[in-house]
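Each structure below appears as structure tokens.
Common to both upcoming complexes is chain A, partnered first by chain B, then by chain C.
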Partner chain A sequence: MKARVGILTFPGSNSEEETFRACLAAGIDAQILHWSTSLETVRRYDAYILPGGFAYEDRVRAGAIAAHDRLMEAVVDAADRGRLILGICNGAQILLEAGLVPGLATPRRVEASFAPNRQRSFLCRRVYVRLANEPSRCAITAALPPDAVLPMWAAHGEGRLAAPPTVLERLLDGRHVVFRYAHADGSFTEAPNGSALDAAALTNVAGTILAIMPHAEREEASVLASPGVSPLFAAFAAALASPGGAS
Partner chain B sequence: MSLTVVEIRLTIPDNAARTAFATLTRLGVPVGGLERAELLFVEHELPPAAIAAAVRADEIRFNENTQDLRVRFQSSPAVGELWVHDEPPTIRTIVGLGRAQAAVLWRLTDREGEPANHALLNEAAKRLLCHPVIQRATLGSLPLGGEHPTLR
Partner chain C sequence: MTLVDEDRFAVLGLEDGEVAAAARERGIALTVAELREIAERLGRDPSVVELYAFDAQWSEHCSYKSSRALLRRLPTTGPDVLLGPAEDAGILRLGTWQGQTWGIVVAHESHNHPSQIVPFEGAATGIGGIVRDVLCMGATVIAVADPLRFGRITGEESDGQHARLVASRVVEGIGAYGNAIGVPNIAGDIAFHAGFAENCLVNVVALGLVRADQVIHSAAPPGSVGWDILLVGKATDRSGFGGAAFSSLVLETEDEASRRGAVQVPDPFLKNVIMRASYRVFEELRREGITAGFKDLGAGGILGCTAEIVSSGGYGAEIDLDAVRLAQPDLPPAVVAVGETQERLTWVLPPEMTPRVLAIYNEEFGLPEIAHQAGASIIGRVTAEPTYVLRAAGREVARLPLALLCGDVRRERRATPAPTSASTPDAPRDADLARLPDILAHRDVCSRRSVIERYDGVVRGTTVLPAGYGDAGVIRPLPDAPFGVALSVDGNPRYGVIDPRRAARLAVCEAARNVAAVGARPVGLTDCLNFGNPERPDHYGELVAAIEGLAEAAEGLALPFVSGNVSLYNEARDGRPVPASAIVAAIGVVDDVTRVVGRQCRSVGSSLYLIGERQSALGGSIYADVTGCAASALPDEAIATVAAEIAFVHRRIAAGDVTAAHDISDGGLLTAAAEMTFAFCAPGTIGVRLELGAWSSGVGTAGALFGETGGFVVELAPDREAAFLAEAERCHVAVVRIGETTAEPELRVGDRAFTVESLFAAWDAPLNEALAA
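Coming up: the complex of A and B.
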């Protein structure tokens, strides 16, 4: 049976429609879930996407309130069962605030942050990201070719990875950095937001969760885009269809 | 140069404080009330009253229709208060005064309406109000004369 993906929204989410269209184009059976949806209904989905935006207006900190929203119980339970979870931009911030990524500690706790950009201003521009490790390190990118370079849109005020040095070491040792910022030719570049390790995306220990700051789903709607399906969403579709992808 | 601490709080309902209160309650933190304010740490030779007047006159920093302003007598948190500083610090520019560090003040009460004690402040900071990596909290929960503990 085809996996069903819930695109979970909170008050202030704003990228769910683009995310839905990117899923549709990639052949993913997805549905946008309003924050008033019952927890029981949300639990019925096989995988989740947390889209971008400003959940709860970034009150307290970006992602901090949504990370403790009742609907996140379904996401945390799914994460514990090895289900696939993709968080984009604000969704990525929520995953870090929930302690699901990088997920080094037991019990789960907040270990890192997508903190305010080094320049303390909103970054809005087209960027390229390149796989920093073997594609299979994260199940969601497993179908991408090695060293894949993907165009995306950075649109965030808080996308700078920050963590204590010991955690950064463990992120490197455990190959948690899935994507690093790159030039169009694939050569790595300094992160435009000052992100530690020049990281654009992180995964958890098991490689089942991807927290990515740039918006892959907006490429589909961009006038600069290559025609076709977003490679990241195509890879996500492949992961969902693979044995164990939605189990 | 002397340090003047200016507190700016909303006079209209504070949605951020209400949301934070609801979230802390949901997390089981026994908080009875929660208020929020912005703190500006102004180092300047002007007297506190003149600094307050300058902040009031800065329409970016202060809106008299929705905010209230006061100068703090102490440059450390009072009992029941939690001051959260970003690391690196958030800097605000105030017209006529220049740059000032900013922080968020959370004023907590317990379920009896008393100022929050150290344990409650500590729990609220750790569970929600202070990020362990990018923020630093100072807890105002010791008797007068005691050194204020800092939580990272």
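Coming up: the complex of A and C.
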């Protein structure tokens, strides 16, 4: 049976609809889950996307309150069972605040965060990202060609990866950085927000969770983009369909 | 029940001086004559609550008492108008998709005075207010844009640290609010002028999407007597008391601290949830086929909004202030009644729908858990008599005939003639090409990247052409439909100082040209008129002249105004008004968004054409400012020619002839050509070579290359040149080949060459540095 993906919203989410459309375009069976949905219903999904926005007004730190929302129980349980989880922008921040990514410690705790940009202001800029490791390091990117350069929109005030040096070392050793910022020609570049390791996206130990700051779901309409399905969502669709992807 | 006696504001039987002193003490902006008129027409002294109600409703901000008669001059009808200027926003036709007609809701507001005092909150609540104006039409909010005017903050000329602070905090406030509610900021403009150092202008345009048969009106519907009046949103607090009257006073420094209480406190997080909850309510109403009334609370607070919504339906209301959700106890009735706490809306609903709507706001979307005491509650009902009755703590605190409170208030103002442009060009003929980098670095030309990047321009995933990449922002509001909406805002304060009428004409032309330059057919306009003190004939004369200019151009281009706003009393301490600022937004429709073009040239070896004859006029130009040459004549544009050029350009883009286009405005043709080599955030790799010829020698190279007479530069698709030329001839539009694109990344004109990289560096740096400082 086709995997069903829940796009889980919180008060303050603002990117759920374009995320839904990107799923639809990629052939992913997705549904937007309002925050008033019962935990029992949220648990019925095979995989989850946490969309962008400002959940709970980003009080304390971006993603910090949402990480402890009652509905996150469903996401944490799914993560423990190896289900695929994609967090975009605010969703990525929530995954770090929930301790799901990078997920080095037991029990789970916050090990790294997406902190305020180096320039201390919101940054909305067209960026390119390129895989930092082999595509299969993260199940969600496994179907991408190794040299793929993906255009996306950075649109965040807090997207600078920050962590103690020992954690950053372990992120490198464990190949947790999935995407790094790049030029259009694919050469790696300094992160526009000062992100440590020039990281745009991280995964967990098992490679089942992707926490990515730039938005791959905002490409569909732009004249700057090439037409067609977002490559990242296409890869996500492939991962969901692959054996073990959604089980 | 009669009105209680103890809390009256005494007018009858008192001397003018006594009335004026009492009004001043209470911070009332009404004149003694107005207070006398109110008391005489009521046949008694007004209660204190009534006093504040009139202060808001009869303020310039709410009543347009100085401008209403003038605004009748503007054209407001046409085949693309679904709803003209009558409610919170107007509606233009977008197109038909799957058998349904869709409309674009258009609203334009200003938040000038608050933004000068508390720039972050002032600018943020500006977005908050305009978004509610669009929402209450039953629309999905799809885009915003901010025209901004500040004191000078770049380069050697500077209006000081405060001007810089105002500019950077305004930009932050716009970003913080718009980003959080998830509405893309797709256009906007910024101009800097010493005349804005004490009065910044923060205007805001918002667009919405609504199906033509699903518009909700800001009126109690026919047959709604006995219906519930609901208040939705943030708990009412002390903030924003006296906001409407405040915006109709001249700012005086000593007053600034005491006026801070008049500025509202924004809550974009709550608004995000209110918007989504309201979309759910729209769905429910449509399913049930119910016509309801919905209106935003702005100036005049609960009293102003509920009075207007029932008055528009020809009804009255009984409102119980004790039912209002309060953020703090013991607020005076006048504060609860007319305070302008943000993030609130009013519904007029049939009682059988009320429980469902309350449940959506209070339970499904849980407003009371989102913000302290926020939520929806019933605060009154619609009555048959056109009387407005307000009760608090069991007492009647206001009883007003709505014909008096919401009636047509007008003030005759005297006008003296506004300044006019010199009629004969008086500028030098030969261009000093070496000044091009200085022109690109000029505060009114340099890149707006550092501002644009602070706004989320792509949230909702519908942005086709983001701000900065073309002359107008373009979105695709219905993701499955091929059509798009283009938006541009314009207005040149340097022209406004020289000739308010011509400046207004040129603003209409430029806004229309900008949407055409991305491939959109202009369909309508909205304006925000920012002027000085209407009680001063010289200031008022500028407003009169500007409206005349708007009307001339809009009629000539057959474009209706569907909404607008007037902001007066933008006057400095020395009595000078802000530069006359008729700021115009044009809305365009694109039939096929895949044809939309940006500004940057796309391929090497393609032809560049000029559309729009050059003139020698340099008045108000960047070139005149940079070189210090004397020039006072503004470009003189024949509107019929402008209309033909605009139609030609958007049709040629739609036909696929054009691969890049840019209008000619600030900095002239050479600046436009330079900008066509930029990739917005980086220098591009394709260069431009211009060949001087008859098009430039006739008027002199200064006017030809740096004159700001409107026009277009377009890059043609290689195989479309013949078709383009044939169409130009058929349409009687003069086009001239002025050069081509090159593989060398440089801008070459005659024997002079600049690297694209050096020009980009000059253009990109100034505002970035000023805002970072």
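Assume the second predicted complex is superposed on the first by the 247 of 247 C-alpha atoms of A that agree within 3 Å, B and C clash if a C-alpha of one lies under 4 Å from a C-alpha of the other, contacts with A are read in each partner's own complex, and residues count from 1 in each chain.
Convention: a contact is a pair of C-beta atoms (placed from the backbone, for glycine too) under 8 Å apart; a residue touches a chain by one contact, two chains touch by 3 or more.
As the structure is a computational prediction, the values presented were derived from the model and not from experiment.
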Quick one: is A:S113 in contact with chain B, with chain C, with both, or with neither? Answer first, second, both or neither. first
For A:E57, select first, second, both or neither according to whether it touches chain B, chain C, the two together, or no partner. both
Can A:H68 be said to touch chain B (first), chain C (second), both, or neither? first
So, A:R21: does it touch chain B (first), chain C (second), both, or neither? second
Contacts for A:A163 in the overlay, against chain B (first) and chain C (second): which applies, first, second, both or neither? first
For A:R218, using the defined touch cut-off, is the partner it touches chain B, chain C, both, or neither? Pick first, second, both or neither. second
Of the two partner chains, chain B (first) and chain C (second), which one does A:D46 touch, if any: first, second, both, or neither? neither
Check the contacts made with chain A and report whether chain B or chain C touches more of its residues. C
Going by the contact definition given at the top, which residues of chain A touch chain B in one complex and chain C in the other? 56-57
Hey, which residues of chain A end up touching chain C in the complex? 11-12, 14-15, 17-18, 21-22, 34-36, 52-54, 56-57, 119, 121-126, 153, 155, 157, 215, 217-224, 227
Can you check the complex and tell me which residues of chain C touch chain A? 172, 175-176, 179-182, 268-269, 272-273, 363-366, 370, 452-466, 469, 474-476, 479, 593-594, 596-598, 681, 772
Partner chain A, residues of chain B touching it in the complex: 15-16, 19-20, 23, 26-27, 86, 90, 128-129, 131-135
What part of chain A is in contact with chain B in the complex they form? 56-57, 59-61, 64-65, 68, 70, 97, 109-113, 115-116, 120, 162-164, 167
